[in-house]
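Handing you a structure now.
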Amino acid sequence: MANKLREAWKSGRKTVNGWLAIPHAFPAEVMAQAGFDSLTVDMQHGVQDYLSAVACFQGMQPHGVTPMVRVPWNEPGIVGKVLDAGAMGVICPMVNTREQAEQLVSYCRYPPQGARSFGPIRAGIYGEAGTYWQTANDDVLVIPMIETRQALDNLEAILDVPGIDGVYVGPSDLGLSLGLPPLQDREEPQILEIYGRILHETKKRGQVAGLHTMSGKYTKRMHEMGFAFGTIMNDSGLMLTAARAQIAAARGG
Amino acid sequence: MANKLREAWKSGRKTVNGWLAIPHAFPAEVMAQAGFDSLTVDMQHGVQDYLSAVACFQGMQPHGVTPMVRVPWNEPGIVGKVLDAGAMGVICPMVNTREQAEQLVSYCRYPPQGARSFGPIRAGIYGEAGTYWQTANDDVLVIPMIETRQALDNLEAILDVPGIDGVYVGPSDLGLSLGLPPLQDREEPQILEIYGRILHETKKRGQVAGLHTMSGKYTKRMHEMGFAFGTIMNDSGLMLTAARAQIAAARGG
Amino acid sequence: MANKLREAWKSGRKTVNGWLAIPHAFPAEVMAQAGFDSLTVDMQHGVQDYLSAVACFQGMQPHGVTPMVRVPWNEPGIVGKVLDAGAMGVICPMVNTREQAEQLVSYCRYPPQGARSFGPIRAGIYGEAGTYWQTANDDVLVIPMIETRQALDNLEAILDVPGIDGVYVGPSDLGLSLGLPPLQDREEPQILEIYGRILHETKKRGQVAGLHTMSGKYTKRMHEMGFAFGTIMNDSGLMLTAARAQIAAARGG
Amino acid sequence: MANKLREAWKSGRKTVNGWLAIPHAFPAEVMAQAGFDSLTVDMQHGVQDYLSAVACFQGMQPHGVTPMVRVPWNEPGIVGKVLDAGAMGVICPMVNTREQAEQLVSYCRYPPQGARSFGPIRAGIYGEAGTYWQTANDDVLVIPMIETRQALDNLEAILDVPGIDGVYVGPSDLGLSLGLPPLQDREEPQILEIYGRILHETKKRGQVAGLHTMSGKYTKRMHEMGFAFGTIMNDSGLMLTAARAQIAAARGG
Amino acid sequence: MANKLREAWKSGRKTVNGWLAIPHAFPAEVMAQAGFDSLTVDMQHGVQDYLSAVACFQGMQPHGVTPMVRVPWNEPGIVGKVLDAGAMGVICPMVNTREQAEQLVSYCRYPPQGARSFGPIRAGIYGEAGTYWQTANDDVLVIPMIETRQALDNLEAILDVPGIDGVYVGPSDLGLSLGLPPLQDREEPQILEIYGRILHETKKRGQVAGLHTMSGKYTKRMHEMGFAFGTIMNDSGLMLTAARAQIAAARGG
Amino acid sequence: MANKLREAWKSGRKTVNGWLAIPHAFPAEVMAQAGFDSLTVDMQHGVQDYLSAVACFQGMQPHGVTPMVRVPWNEPGIVGKVLDAGAMGVICPMVNTREQAEQLVSYCRYPPQGARSFGPIRAGIYGEAGTYWQTANDDVLVIPMIETRQALDNLEAILDVPGIDGVYVGPSDLGLSLGLPPLQDREEPQILEIYGRILHETKKRGQVAGLHTMSGKYTKRMHEMGFAFGTIMNDSGLMLTAARAQIAAARGG
């Protein structure tokens, strides 16, 4: 099955990504009807594991949203498992060197491009079962996170690894690594300059860049700056923010 | 342990209730930090069962919010189980007759007021274990739902049943029963008049009335009309509404 | 959303039903790709409960198969919950009297046809959310099981209850009730005569009849006899039978 | 499969029962290796539901202990489900009248003795699959709880119902019903006299009596008084008591 | 406890292995009654994680089938956990070098043969608790997968690692690595020649070879070729195949 | 939030640790009320995974006990996840070299002390959400296990790694590594001498030492020897021991 995100980006359309921290299929199917282009199960900082990621995928599948995962770490076992489960893209934290980027690609691509093991138990659902292995290398998105000073130092080397489709910026970790507080929706010129460099280098290579945000407004601004996709907060954060606003209105002055 | 809702209402303070449809402890602990006075696990229309209700209670307990349940039906097995799990109040759907109200009270109260069976496996946590049985009859809230024409016909008889602490209005079912669409946040004069009658009859007996709403704003209005508590939407609804608003901002015009 | 089973039967097409005993979404999505018209989560004799039924529904939803439930008993709480979860049909065991049939209809239909409570938390997904309440009474199938001597005695009275769409025959229980062994795929003339009577009475009223079988072959025969649908074994039974056959071939002589 | 408890009691051997409140297979398999004759999943006051009961049965099965359930209520749906899951005995709370005892028997016995529905999805494992239906009525224990003044008033009528194998005493509820505190391991002469009457009436009819206790010591005393079996606390209570004793030793004086 | 597979192979008996992809104890206990010699929980490509593997082990334990796991990757944490859970054998994917084989052995063997950490929380059940540590190194099967060109290049070096009991062939990955489609039940002379070499080298060292197949028929052929064991498809695949065949018969021509 | 263990140890108070092997929140909340200072979810040898650890944390949180985890292995993905979930300390098995100790610290500390990634989804609950990142490096305990001959050889090098708060002794593995049986509560002079050396070296550096024991009595003795904390058995072990003692009393002679 063609990857809708890939198609959108090719056509120049910016996309909006949702982020799932709640380990259950029901909130995933609710989020899948909100209008996101893609939903990413956050197995790193979200309250998620492999089976909850599968459940989230099952919840979102009827609604046509592109299923993605942020894996907990650059480890072949879990990367293979989420791809077999049907992830159309893998966002991987803390890819700081060319070698780490090569490993990530290797975990995500079937031979000869990589060393992924064959057994797409749910992923075969998306394509025609017999042809998934022929199209997966072209469809699955491989997206390392750029979120440390070391990664910035190695940015070009990382992007030059064949099979890398783009990068995802983690503003909190990037800040911490640079001696700044772990914030999102950053406005420091130093950071915006880094974003500009990342956009320049990825664009040059026909790759995309995405980042995490805390609002639709900031996502829009980043779209305009050149990011292909932005993530808005996460499921539990949206719920909490909305609850607080409604409670304030109920009690309200 | 004293029931904080009961105390709030005695002192004339209106309360705001949250509603849990997602069967997991994590969103429950998020909701429990939003500022609600109470959280009700919706076992009737929510995606909840007994063990998910227990998990939600575990999630909310550290945060001091009063745990409640809407049971799926007026059935002694499940009413006893959720009370043992620590519910400080039971909202029961479709209580339409005096006899049904008497049954509900009987399921919620230890002898001699009722026929609840002893074994407060988690509820004992809330009080001192050895005294829970002495205070539970006074602490636990018994709240039948008034949501049909038949219940309105029998309103006084239902409220007269000893042990009833108040009522909860289900606007959708009430509407359907009266030949109207199943809406919330209703404005029909016919409905508002019914609300007025319910408020009058409960106030006369020292009881409270609560109802379901879709917004803090309408909850506030109902507080002002005399309702002791209002529920704002539910967890997944808050999430969906917030997601849609943020996506619109991201794409936006 | 229109009920595809209803449409098939109206057009004279016989359907094949699958039966889910394994409480997990993954085997449900596998079964949903096998070619069944409908899949029924067996909450009576299967290893299923409410949340596993929801998971099975999530697994089958992308694949267009009609989701049904056999409830554990004719009890309003669980009937309401599975309908809210998205069941397009309810098969209810041990409906032996007109009064029990009336109760079942009442649990399945919104007012004024019945007393179902409004809150289609997942079912709203299937139709347009705002119109589900207007179409559900016409779409949802209400199918009592005829499986005792008493039910046969009351057959016409049961079928005459407005809102009954058809009946489901449980051959094992029917046998036990008549003093015969609890078998499926029965050949006793006494039983086949009963089947004929059931087919005659349902057809007369524009209703359908279905039954449980242990094979496609017997289902086919029953289709030809006039049954609108037949169930083939269940998920775990199919697995066990196939495993035994393959093991025999592996060891084999 | 022959019920080992039944055999033990026939031969005059007293048995010790364990009680499972923790909803997981792992502690069940631990308890199953401790030396109990039987283990009862407490679905009434334990933190248990149907699927956790199934898991507990799976955990205990390899270890030869007899699996039992205390159901949450005298309701046909859940009684049928736990028997299908493999329970060799059903302890049912709050059986207060002859009619309630008849209903309980009817839910537990296949025709013509009762109205149990056929489908022993796990229970068939214990016997030879094809013969379970022929032996289950003789093997499965039906044990109503005697725990209210009303039940004592109706004791002989309850015991006279064909199919009742014995009774189980709930000392806490019995106390509450008689205006006493909800204690276990009771010593009031009034209570011991009741125990004596229950033992006399059950013995007269070839039935057994069991009761809940808080210690092996009290169980032993009750064995000597004539009870066929006693339950010792429950899994979580044993754990808590042991933990407190060890902590005291660690900190200790 | 002695490993029954090891004993069978020593006596020259070929064995049939089942493969579990469904993460639940119930289908595991069904499969455990089908007649397999061993059942392997597939944590790599199956929809399985650690706790579902434990559940599957609990389901299969009463039925005497030998429990195995295919781990997701050659990683010490998960290898240790599944052995503690009671796995009597570990099949490990993508063992391509001598060093990787040495690591695998080290994770599976207690000192001095390896570096496995002690704590057989469920495995102690199988042997006598106090002696498990003395027999585990001899009982547990360590079976690397040979499924890449690199592994074939290093075959002798891998097999020479002390503690390796045999190998498992993954026909799909082997094909992909060699530039062929990812098929099972292969007939290419090139592949059969490789099988011959693997059989020759393992036999020479007193080791075994097994492989994955899609049918009992092909398993039988491989038995005859010299493989000690063959796996037949998996649980969900058996179910799907059987369902399709029965549906075809039901609709059928 | 300040770490209560750290405070206790600073003030010279010895602490008692509980150990959770049962993967459920309910036994965790029971254990949390027994009087332990801290509870450690054992993800290495316990029947635990990430989501069960989260559930255990939710169960223990209201009761003020300090939540800890023993991770399955020294792997950055899982270390980060349990810290985000709210662990106030990480016990890590098999830390045998300075480099492994440095890796562990790096996984547990935010930059610049380490490379932990920011996203404390539950941990933020414990401190004020906005300040957790500022205090976590000082609050979270990093405790490698010393349990092999190699670790003893490298003891000083391991302890010299900045960020190491203390060590945890695994008596079974230590024994196996030294050619002794895998026992707890050891009395061999050779072992006690090792304990003395560990106590000496940690004390010199202002660090603590803890160890696993099988009883409060031995924990007390180790407290007196100088260990800052001792673990008593685990949840399921306490339950089993207590059950056996009570059964013996019930049957008893």
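Before moving on, here are some points about what is shown:
Order as written gives the chain letters A, B, C, D, E and F; numbering starts at 1 within each chain.
The definition used in the following text is that contacts are C-beta pairs under 8 Å (C-beta built on N, C-alpha and C of every residue); 3 or more make two chains touch, one makes a residue touch a chain.
Bear in mind that the values here come from a model prediction, so they are computed numbers and not experimental data.
Listed by label, the chains touching chain D and chain F alike are B, E. Both chain A and chain E are touched by C, F.
Across the assembly, the mean Cα position most removed from that of chain B is the one of E.
Centroid distances from chain F, each centroid being the mean of CA atoms, peak for C.
A count of C-beta contacts for the chain pairs D-E and B-D puts B-D on top. Centroid to centroid, with C-alpha atoms defining each point, chain C and chain F lie 53 Å apart. Look at where the CA atoms of chain A average out and do the same for chain B: the two points lie 39 Å apart. In chain F, the residues that reach two or more other chains under the touch definition are 21, 23, 26, 33, 47, 49, 54, 75, 78, 122, 236. If you draw each protein chain as a dot and join the dots that touch, the picture is not a line, a loop, a star, or fully joined; it has some other shape. Working note: touching chain pairs come out as A-B, A-C, A-E, A-F, B-C, B-D, B-F, C-D, C-E, D-E, D-F, E-F. Listing the residues of chain B that touch chain A in their complex gives 16, 18, 21-24, 26-27, 30-31, 33-36, 47, 215-217, 219-220, 223, 230, 232-233, 235-236, 238-252.
Within the complex, the chain E residues that touch chain A are 21, 23, 44-47, 49, 52, 71-73, 75, 78, 93-94, 147-148, 170, 172-173, 176-177, 179, 181-182, 236. Residue ranges on chain C touching chain B, taken from their complex, read 49-51, 54, 75-78, 80-81, 84-85, 110-112, 115, 117-122, 133. Residues of chain F that touch chain B in their complex: 25-26, 29, 33, 54-55, 58-59, 61-62, 122, 125.
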